[in-house]
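Each of the two complexes below includes subunit A, the first together with subunit B, the second together with subunit C.
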Partner chain A sequence: MFRRLLSLTQRDLRLITRNYYLAIVVILALLYALVTRFLIPADLSPQPAVVLLDSTGAQAMRQLYERAGGGNVIVAGSADEYDRHLEAANRIGIKVTGSVMPERIEVTYQGWETEKTRRLLEASLQGQVAALTGAMGTAFPVFQRTVLRPGQVAEQPPFNLALVPIFIFSEAVLMGIFLAGALLIAEKEDRTNRAYQVTPAGTAEYLVARSLAMGVLALVFTVLLNLLTTGLAGNWAMILLLVFAGAVVTTIFTLIYAAVFMNLSQFLAGSILAIFVLSLPAGSYFMPAFSPVWMRVLPSYPIIFGLREAYFPSGNPGLVTTALGQLGITALVLVPLAMWALGKQLRGGEA
Partner chain B sequence: MMMRRIGSMIGRDLKASTREFLTVWVLVAPFVLALVIRGFVPAVGGAGINLVVTSDLGADLTAALRQYANVEVVPDRAALERRVLLVDDVAGVVRDTGAGGGGGSGALLVVLQGNEQEESRELPGLILATILGEEQVQITERSLGRQASPIRPYMAGMLALSAALFGGIIMGFAIIEDKTAGTMSALGVSPLSSTEYIAGRATLGMSLAVIMTFASLYIMGAAPFDPLQVLSLTVSGALLAVTLGFIIGSVANNPIEAIGTFKFGFMPFWIIPVLGLVVPQAYQFTLYWMPTYWIFFGYREIFLNQAGWGEVGPYAATAFGVSLLFFAVSWRLLRRRLTLRG
Partner chain C sequence: MIKVRDLYFSYGRDKNYAVSGVSFEVEKGEILGFLGPNGAGKSTMQKILTGLLPVQQGEVTVAGHDMRRPGRDLFNKIGVSFEIANNYHKLSGLENLAFFASMYEVPTADPMALLRMVGLEDAATRRAGAYSKGMSQRLVFARSMLNRPTIWFLDEPTSGQDPAMTQRVKEIVLEERERGVTVFLTTHNMQVAEDICDRVAFINEGKIVDLDTPRNLKLRYGEQFVIVEYRDAGQLKKQIFSMGADKDRAALAALVGERPVETIHSQEATLEEVFIKVTGRALRG
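Then we have the complex of A and B:
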């Protein structure tokens, strides 16, 4: 059985190599590495987002914003200049008035900001003024904080390297979504699936061999891209384990789905949609507070955060084990379905 | 006569497509994508901070917190800490009842995991202070009246590019199916010439690309926009997508090679616009060779700035010129590889 499995995996890998797919994987890894190293900046400086006009005598707010720096504040010298800067999209205006210290603030919004965003900005402004007037801790209370995991830090890696886990997710973990389906459809078209019926190999061996082949290909991409971008940094064992397990699970999912379709166009439309939906948690990757419930239930959500932890450890290895556990559960659910769909395909001739 | 033969080939394709439910699904897929984006955009626009509170915090304070943040309520402190420790950024607000639930000061505490981003660390305390403390400054609001989320124009640009790509890809894969199913050989003994075959496929691919782009944009909610301006860029997107479809159809001989060629061709479609947003101005010239750069930023002018023809025109003209250049360069390959008679 083991020899049959090995031979089936070798057959899949030979097929992939003969059709130049291995070469394509290698070239794609090199292209991603080039883009990451030479085109994407390491520091993504924020664009100016706040326009400030401080008309008070002490200019305390202006000094506060200038001290805070950050490059996302434009200090206007006059009302005309203030209005002109606000014409650009995606800016918020803060006009501070008062004799010496701030007494009134007029906030100018674009119009699309939610009520909660507006209230949050108000809370932030109240806090800033309290800090300036010395009311912090008295009229404006301060609340004690408890940190559950003091060892964990939210260190931000350089922007270009922060994208590597996303590239790995979309190209390596999701490798099987296109390729495993294409292999299955090619077999349908040239009727190799019928030839399979007269071999001693079973459905389980077919499923495992195909998953292993996709896993190996995903590892080739990952090793190459890692070596050329993040180098030896990160937890390599966990990265490779997550990528391999992720590629195996997406392959099993694809084999269930591809069995339904008769040709490549039909299969591809759904695959692009699946890739788009599974990639949505990349939004949470850059904005961890953006985590609606529907996003958290996507199977790709823990994988993306597991990859981030494996690449840029923050002292929370539980993220990787959660992702691996979730992949294990998904595989348990999907394997019987895949066996059924492939069984029909391989033993019955058609899905 | 030639036009009739091309028309008859398009008619055959359309008839064959509508006969199968699954092929109709291919045409519906971009619209499903548009609906997903329509749901996704307001969710991103509404992203603020997340809080989790215990049920004993009090209805008034919980209601007040809901004006500032997304609030989840859990039964006790243990559940609150479990929620704080999950993957996303969530801060807890709880009354200090001491270890084991007794003997604490009763004061409000902010519970953090330790790896939150700055806003999730700092804002919960400021929100509580604003609700429970004294007003420090009088704040008034003014609105510029711009209703559209800033994310929407970018999503609309990406969707328009993707929808055009769908049209081209479907055409490319139809060519491969013609090859593998033997339809190409059957057409070889018909009066249809190779040029007519390419023209027929291109007409169908470009029409599909344009229809899909407009329908997806309206479904996504990108309107109002000037349809002529959008068309001026969509034609370039469709031409590029059809070129990519022809390259896939001519280079690949089976589904595996088709997927490989598609992955290569697909990359510039999405990565060039993304790079255009993050690459420093001094290096933007490195992206000029790709039509998707001009198309995407042309769409941005339309959807974000509601720009006039003075701004959109140069983008549309450059995009069309570069797309045409791509097609011209590919033409020899297509003529050589896409022959109906050996």
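Then we have the complex of A and C:
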């Protein structure tokens, strides 16, 4: 049993390599890494405008900002005006108080800004203030940070890296539909499935070996892309586990529906449709507000969100376990169907 | 070892039978030849016997396994060579055999020894996809011997083979029979059938038309001829007499009495003639 499984997996890995599937996967990973690192900007969000309220006697900050003449600065005349300006979503407030020189500086954020953006802004602000206070010989003011709607949107990873889970999902997990299917159709066309059928080996070993081999292929892609993009960030164990489980379920799913198609062109048409439907939850990834129920029941939905959580932990590991659980349940439902469909395939699709 | 009773099979599960009311048995250590024109149902029969097609109606037993539910263990005992080569094109000949060998739960033959046996040792490490038609067929033949089967199904093992290899295949099959292997052999090569089969079945349009030893079949259907060479006024002449016709027999007796006869050859009927008579069709027609 174990020897057979080993032998079958070895066969599948050989077929995968010699049909250049491995080469395709490696090249794709390199391409995606290039695109991620060099072609997609890290930050797509529009530059926020700064609302300044300087209520100190000397108005040093206001003069500084006015002299700089930034179009991105709104100077508020009163506290009311300041609050009103901050109601717009892409504004950051700077409120400077003190009798003559700035003694307190309160920075107000909306909640969606990345930590990196905040630190950058505060650093440059401190630089400006230090220059001012240094020149005047006064004490450095107190800094205070206020977030209007904390947790309204989770901490956002840089835009280019945020795409990595989507690439992993589409290539490591969904690509299995093409590759597992192509292998199966090839076996049907060169009739090797019948040669297998007249040995004592059965459908179960075949299914397990094919899933293992496709899982390994998905891991190769994932490891490569990770090393070249997100590096050691994220929870690698969870990422690899999710990718492997996702690839296995995809393979099982493919073995079922490939049985319905008699030839490669029919199969390709079906695959394009399947991939389209399964990719839809990627939309929710970018617009979390858009996640209708029918989309949540697609097996790809929890994988995508589980992957995001594994890459960019937001303190909600439940997303990963949910994804793994849902994959497990999907596998339980699909395996008997896959056994039936594969058995039919192995007999050559006749009768 | 093989028992078939009232077997019917239709691909469309309609009245269009590819196998129609077939019954026969093959004894242990016997070589049964399955002969018949293209589309007669020979390969269909082999597929049912090897579990690739279901038993729709009738009874089939192979090595004591009811083929309605054969169980995987049957496949440790049988070897199957296919009419159309089916190897993994991307694996070498040796890798093909090693892979299939590891699927069995019984001791298996050494893949390299099998390749040597069919003359593929030099091509062992080449991809099977690059093999010629005859080489691919030889690899399939070698593969069918991996588990040292006790029942061996051969669907046209000599098709595409050169005369030397055809001879080799015949020798190998006879050697295996000596070990007690039962052989179900489908072939279009009447000489092969005549040389090695203990009995042959003629199948036409899904039905067994006759089943007997080659000798009995030839006696039953074949005509024996006598070819006489004699001198007539100094010239060498040749005449053929059919032993089935009274007129010819009388003429032969008269000739032998009157003329100086130089040679007399009796010409046996061939299985090929029987084939044409029994199936009403010419070979490769």
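Keep in mind that, in the parts below, the second predicted complex is superposed on the first by the 238 of 351 C-alpha atoms of A that agree within 3 Å, B and C clash if a C-alpha of one lies under 4 Å from a C-alpha of the other, contacts with A are read in each partner's own complex, and residues count from 1 in each chain.
We take it that contacts are C-beta pairs under 8 Å (C-beta built on N, C-alpha and C of every residue); 3 or more make two chains touch, one makes a residue touch a chain.
Note that the structure is a prediction, hence the values are computed from the model and not measured.
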{"item": "Which superposed partner A:149 touches (first subunit B, second subunit C, both, neither)", "value": "first"}
{"item": "First, second, both or neither for A:3, with subunit B first and subunit C second", "value": "second"}
{"item": "First (subunit B), second (subunit C), both or neither touched by A:208", "value": "neither"}
{"item": "Greater residue coverage of subunit A in the superposed arrangement, subunit B or subunit C", "value": "B"}
{"item": "First (subunit B), second (subunit C), both or neither touched by A:219", "value": "neither"}
{"item": "Contacts of A:15 with subunit B and subunit C, given as first, second, both or neither", "value": "both"}
{"item": "First (subunit B), second (subunit C), both or neither touched by A:269", "value": "first"}
{"item": "Footprint overlap on subunit A, where subunit B in one structure and subunit C in the other make contact", "value": "15, 19, 190"}
{"item": "In the complex with subunit B, residue positions of subunit A that touch it", "value": "15-16, 19-21, 24, 27-28, 31, 35, 39-41, 44, 86, 89-90, 93, 102-112, 114-120, 122-127, 129-130, 133, 135, 139-154, 159, 178-179, 182-183, 185-186, 189-190, 260-266, 268-270, 272-273, 276-277, 280, 283-284, 287-292, 295-296, 301-302, 305, 314-316, 318-319, 322"}
{"item": "Partner subunit A, residues of subunit B touching it in the complex", "value": "20, 22-23, 25-26, 29, 32-33, 36, 40, 43-50, 67-70, 81, 84-85, 87-90, 96, 107-117, 119-121, 123-130, 132-150, 162, 166, 169-170, 173-174, 176-177, 180-181, 254-260, 262-264, 267, 271, 275, 278-280, 283, 286, 304-305"}
{"item": "Subunit A to subunit C touching residues, read off their complex", "value": "3-4, 6-7, 10-11, 14-15, 18-19, 190-192, 194-202, 347-348, 350-351"}
{"item": "In the complex, subunit C residues that touch subunit A", "value": "11, 13, 47, 50-54, 72-76, 78, 80, 82, 84, 86-91, 95, 98-100, 102-105, 140, 143, 147"}
